[in-house]
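Here the structure comes first, spelled out in structure tokens, and everything after it is commentary.
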Amino acid sequence: MIRYVIGRLLMLIPVLIAVSLVVYFIVDLAPGDVVDVIAPDDASPEDKELLREMMGLNDPFIVRYFRYMQGLLRGDLGKSYVNNRDVFEVYFSRLPNTLILAMAGIFVAVVIAVPLGVIGAIHRASWKDAISMIFGLLGLSMPNFWLGLLLIIVFSLKLGLFPSYGSEGWSSIVLPAITIGTGQAALIMRTTRSSMLEVIRQDYLRTARAKGVPERTVIYKHALRNALIPIVTVMGTQLGVSLGGAVFTETVFAWPGVGRLVVDAINSRDIPMVTGCLILTTMLASFLILLVDIAYAFIDPRIKARYTK
Amino acid sequence: MNKTKKNIALLLLVCLVMTVLSGCGQSTSKQSEAGPSEGPEETAYQKTITIAPALDFVSMETQVTTSGTSKTVFLLVFNTLIEQDTERGGLVPSLAESWAAISDTIWELKLRRGVKFHDGADFTAEDVKFTIERGKEQGASKAKLESIERVEIVDDYTVHLIMSKPDADILYKLTDPNCVILSKNAFETLSEEEAYKIGTGPFTYNVWEQGDYLSLLRFDDYWEGPPKTEEIVIRNIPEAASRLIALQTGEIDICISPPQVDLHYIAEDPNLKLLQIPGANNRYIGINSAKAPFNDIRVRQAIAYGMNRKAFIEAVYEGNAAEHNNVMHPGNLFYKEIEGYQYDKEKALELLAEAGYPNGFSATIYSSSGTIQKTVATVMQAQMAEIGIKLDVQSLETATFNATVAPGSDYDMCVNGWGGYVVGPDNALRNMFYTGGNNNNFGFSDEYVDRILDEAVTTSDIETRKKLYGDVQEYITMQAVFLPIAIEMIDVGIKAKLEGFVPPQGSIHKFKNVCIPIN
Amino acid sequence: MPVIQNEPNKIAATKRYKKRSMSAEVWRNFKKSKGAMLGIIILSIVLSACIVGEFIYDYNEDIVKQNFEERLQKPSWMHPFGTDQYGRDIFARILYGGRYSFSVGVVAMIISFLIGSTLGIVAGYYGGVIENIIMRITDVFASIPSVLLAIAITAAFGQSLLVLMFAVGLVAVPAFCRVARAAVLTVVGQEYVEAAHAAGAKNWQILTRHIVPNSMAPIIVLCTLRVAQSIITASGLSFLGLGVPTPSPEWGGMLSDGRGYIRDYSYMTMFPGLAIVITVLAINLIGDGLRDAMDPKLKR
């Protein structure tokens, strides 16, 4: 088991290097550079050239990338081109917000999705199934930013129930979490439904029913518990996805998360910031998936057996 | 045209009256000299004022960044040597108590005594010398301080600015937030990051959560007396609709640039007040005259005649902007009222036919991805289609846009804006239209323009200068490389009870006196 | 790798027959799903409306021409969905704009399908070093958050319909690659494949005759769902100003352009928004119906 974990961690290293190369390359490919963003209106072309020279932007791509990698190997993610702040520090000042939002989103998603999935599975191919499916898919089928704006208008402007922006206090998280959670509900609902469908026809449930256990208990206590493993797995991967992918929600609600940070950095060609943030995000997401896998291995003896031999 | 001018004048008047009425501006120093513990009569003030600008605060590096919101903050944390009085016009003392030209190339500045930095150190001539000489080498301040060759310290509170060439605009340049005075001592003893936090201004940096908010705390030893507001918070709310909602729900106190179409919500709300200030930005369509077919002036004229400004004002600004026909900003001292190009479709078609394009042609118009820029491009596209010119719209984000339309590049047309008049008339025209000027991305080179601009900057007689600048701005406008559309408004929604709001300097707001009395 | 051996006695010769019966069975299951049927009905209505729009509207006259006398009009008989800030009829733009949204969704899906499933099938079939290389590259792209990757790509290549399709398509390549590989792995071990090997069939013959047709089910499901997801992602990119260039009436672009007017003129966002929701929901319902119908584990 330990060997498996170490193996997975070692495998992460080439992936991270490749991620840095790909990201650095794509951002570098974009026309314009950071000087086009930060140079004042009245700077002369010579001034801009000088600035590029000072920042080392005139060196060929390979030279710049290797210089960046040298820093990276020492654990230095570099400093932002735009404001000279430490990338690592900025990233970790934003990360808690992202984590909180991601977890709140998953919570909302589970609350919506699991009951819908169970209903769908019990009443497979009936109208109840179709309706629960439609509800579950609605969030996924709706552009996130639009839902966010509608929620703000109804719940914070018209009803005055929740703040429209910001990351302070429990109430400010409600609307963003609903926005993200409804989008993620679909996948969890699907998994719950198919996982339940498999479990529901197992013999031990038939036995339980035969013994006169009430249907509710059969479903929620016996069936759902056994259908849980794939659901938890999906939750884990979803959490990983929302580490960087909540850009639209973050913009609408002025939620100071990582996604928005990266988008701003892409727009200002702040290559160290973009690359650094994506390396860290990749690392975290991979750890998360690793954790899920380990948990999975502990729960499922078949997988455990494969890695302990 | 006349009406346009009147509109601007009227608006200026309105905002002047409002600021005078709110009356917190000038009296601050007197009141606070009396001290806050004077007696029970003393008005209490809201502890924190929250401001949401359109763009985020991005950097503390005063001499490097060009971000408008960062510069707005610098005016709170630091002081410049000289300030612009945006209410009455003209220059007023700040860290420099007085200034005088000893010769064409030497300015003597008398500095204020008893000014403290946030770390408790005294402000002296050393700091001025350090700041200016450092600033000559830094990205953003360089362009402003370039004409100063060196700074000579006469005594602790007197400096001489030794200029490399006469520069009529230098005093204006010193009012720019990129030229705020830094602490020499701090830069010698602290890391650069920490040293950039030490200023002489009325507020000190407290917490900066990048992308979320920046909190500033009152500096009790401020030389004008401590401000009435204890804390100013700059909030990042990127989506305009959300920003306005936050103002309406009372979560913020000042909302800059709410959505144009929703301005009436502020006007209708008795708790809020809408301020509309003619901004520095002259929105225009730029044409690359170095490139065919735009090297033919008839083609450019046709485009100019094909533009219906009314439609722009409606669709882009919901009526909240003044039509404009001149390359010069009306706020400039040397502005001249001219006719410019007026919408005339027939004439446009005629000119195109004359130039050999009876069936029009295709071209690309670039804009940045901002809502206004994109909308301008979309309206332009439709208007040009009317005269047979098929435009392709490319909306790029800032970096790509700036690189695409940089001087010497190969674009056709672009949606752009220019607010450079704030630092003097020469700056306003030379950067844009002088052969090889820093912002001359029109590929424009005209011997007459170059000659007149050179003549005007070295002339000291104001009437002659007025004549020269008047002629040249009309001439340039008629060259149709810079097709002005409108002077944009700076829209600000504030709490009705808020006092001390003064008009911004260009696009940079001056918030140091804002306060909200309670009870 | 666990192999599902549900039909142990099949040999290659009888495969054709079996396939037909399988698709018939899938169709039978599919028909039972009320959600999927609803999806098909909705999607056909939307598609036929868009096709009609194609014939009755002229691009220059009805779709992009600005008319400032008629700007910001609320829905009426003249303009069933109202007009936008340029005085353009929103109903016409939505009907006409369907082609953009659908083509973004479909083309992006095809891009990721072609690249992703080819790589996945090759990886699953050949295994070994090839598999390792392909899957590690897949890992790299999968680990960059897909929205951010799409944003970076559109920033790099500029704003156009093609770039948008490419960016949205590329980010889904890892998903196709993984699903295709997994599907192939379940087929490779089957006895009929071994039989074909023994009969001396060449690799490509086995691939095209046995492996690909038999591992298609999960890929088809993914294709459907990706069309839906691509439309949503594209609308998000429009929100950030990276979508289809103006004045093309792509739904996501209309929705995002109208958001400045959301308070007083909510119909400007309501109708493009509903167009997206209804269409994407329908496609998702079909996808889920297909998944259900094709899932071998759920056979009764």
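By written order: A, B and C. Residues from 1 in each chain.
Everything below uses one rule, namely that a residue touches a chain if its C-beta (ideal position, glycine included) is under 8 Å from a C-beta of that chain, and two chains touch if they have at least 3 such contacts.
Computed from a predicted model, the values in this text were never measured in an experiment.
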Checklist entry - Looking at C-alpha means, what's the farthest chain from subunit B? => result C
Checklist outcome for this item: The larger set of C-beta contacts, choosing between B-C and A-B, lies at A-B
Item to check | CA centroid of subunit A to CA centroid of subunit C, Å | outcome: 21
Item to check | Chain centre separation (subunit A, subunit B; CA means) in Å | outcome: 39
Next on the checklist: Taking the mean of the C-alpha atoms as each chain's centre, how many Å separate subunit B from subunit C?
Outcome noted: 47
Next on the checklist: I need the residues of subunit A touching at least two other chains; which ones are they?
Outcome noted: 30-31, 149, 153, 251, 267
Checklist outcome for this item: Residue numbers in subunit B touching two or more further chains are 241, 396-397, 400
Checklist outcome for this item: Note: subunit C residues in touch with at least two other chains are 155, 158, 240, 259, 262-263
Checklist outcome for this item: The answer for subunit A against subunit C in the complex is residues 14-15, 18-19, 22-23, 26-27, 29-31, 124-127, 129-130, 133-134, 137-138, 140-146, 149, 153, 186, 190, 194, 197-198, 241, 243-245, 247-248, 251, 259, 262-263, 266-267, 274, 278, 281-282, 285-286
Checklist outcome for this item: Contacts from subunit B onto subunit A in the complex sit at residues 56, 58-61, 64-66, 139-140, 142-143, 178, 192-193, 209-212, 235-239, 241-242, 245-246, 248-249, 251, 396-404, 406-408, 418, 420, 423, 427, 431, 438-439
Item to check | Residues of subunit B touching subunit C in the complex | outcome: 240-241, 259-262, 265, 310-311, 314-315, 369, 371, 374-375, 377-379, 381-383, 385, 392-397, 400
Item to check | Touch list for subunit C against partner subunit A, complex | outcome: 32-35, 38, 136-137, 139-141, 143-149, 151-153, 155-158, 228-229, 232, 235-236, 239-240, 252, 255-256, 259, 262-263, 269, 273, 276-277, 280-281, 284-285, 288, 291-292, 295, 297-298
Checklist entry - Contact residues on subunit A for subunit B in the complex? => result 30-34, 36-45, 47, 51, 82-85, 90, 93-94, 97, 149, 152-153, 156-157, 160, 163-167, 251-254, 256, 260-261, 264, 267-269
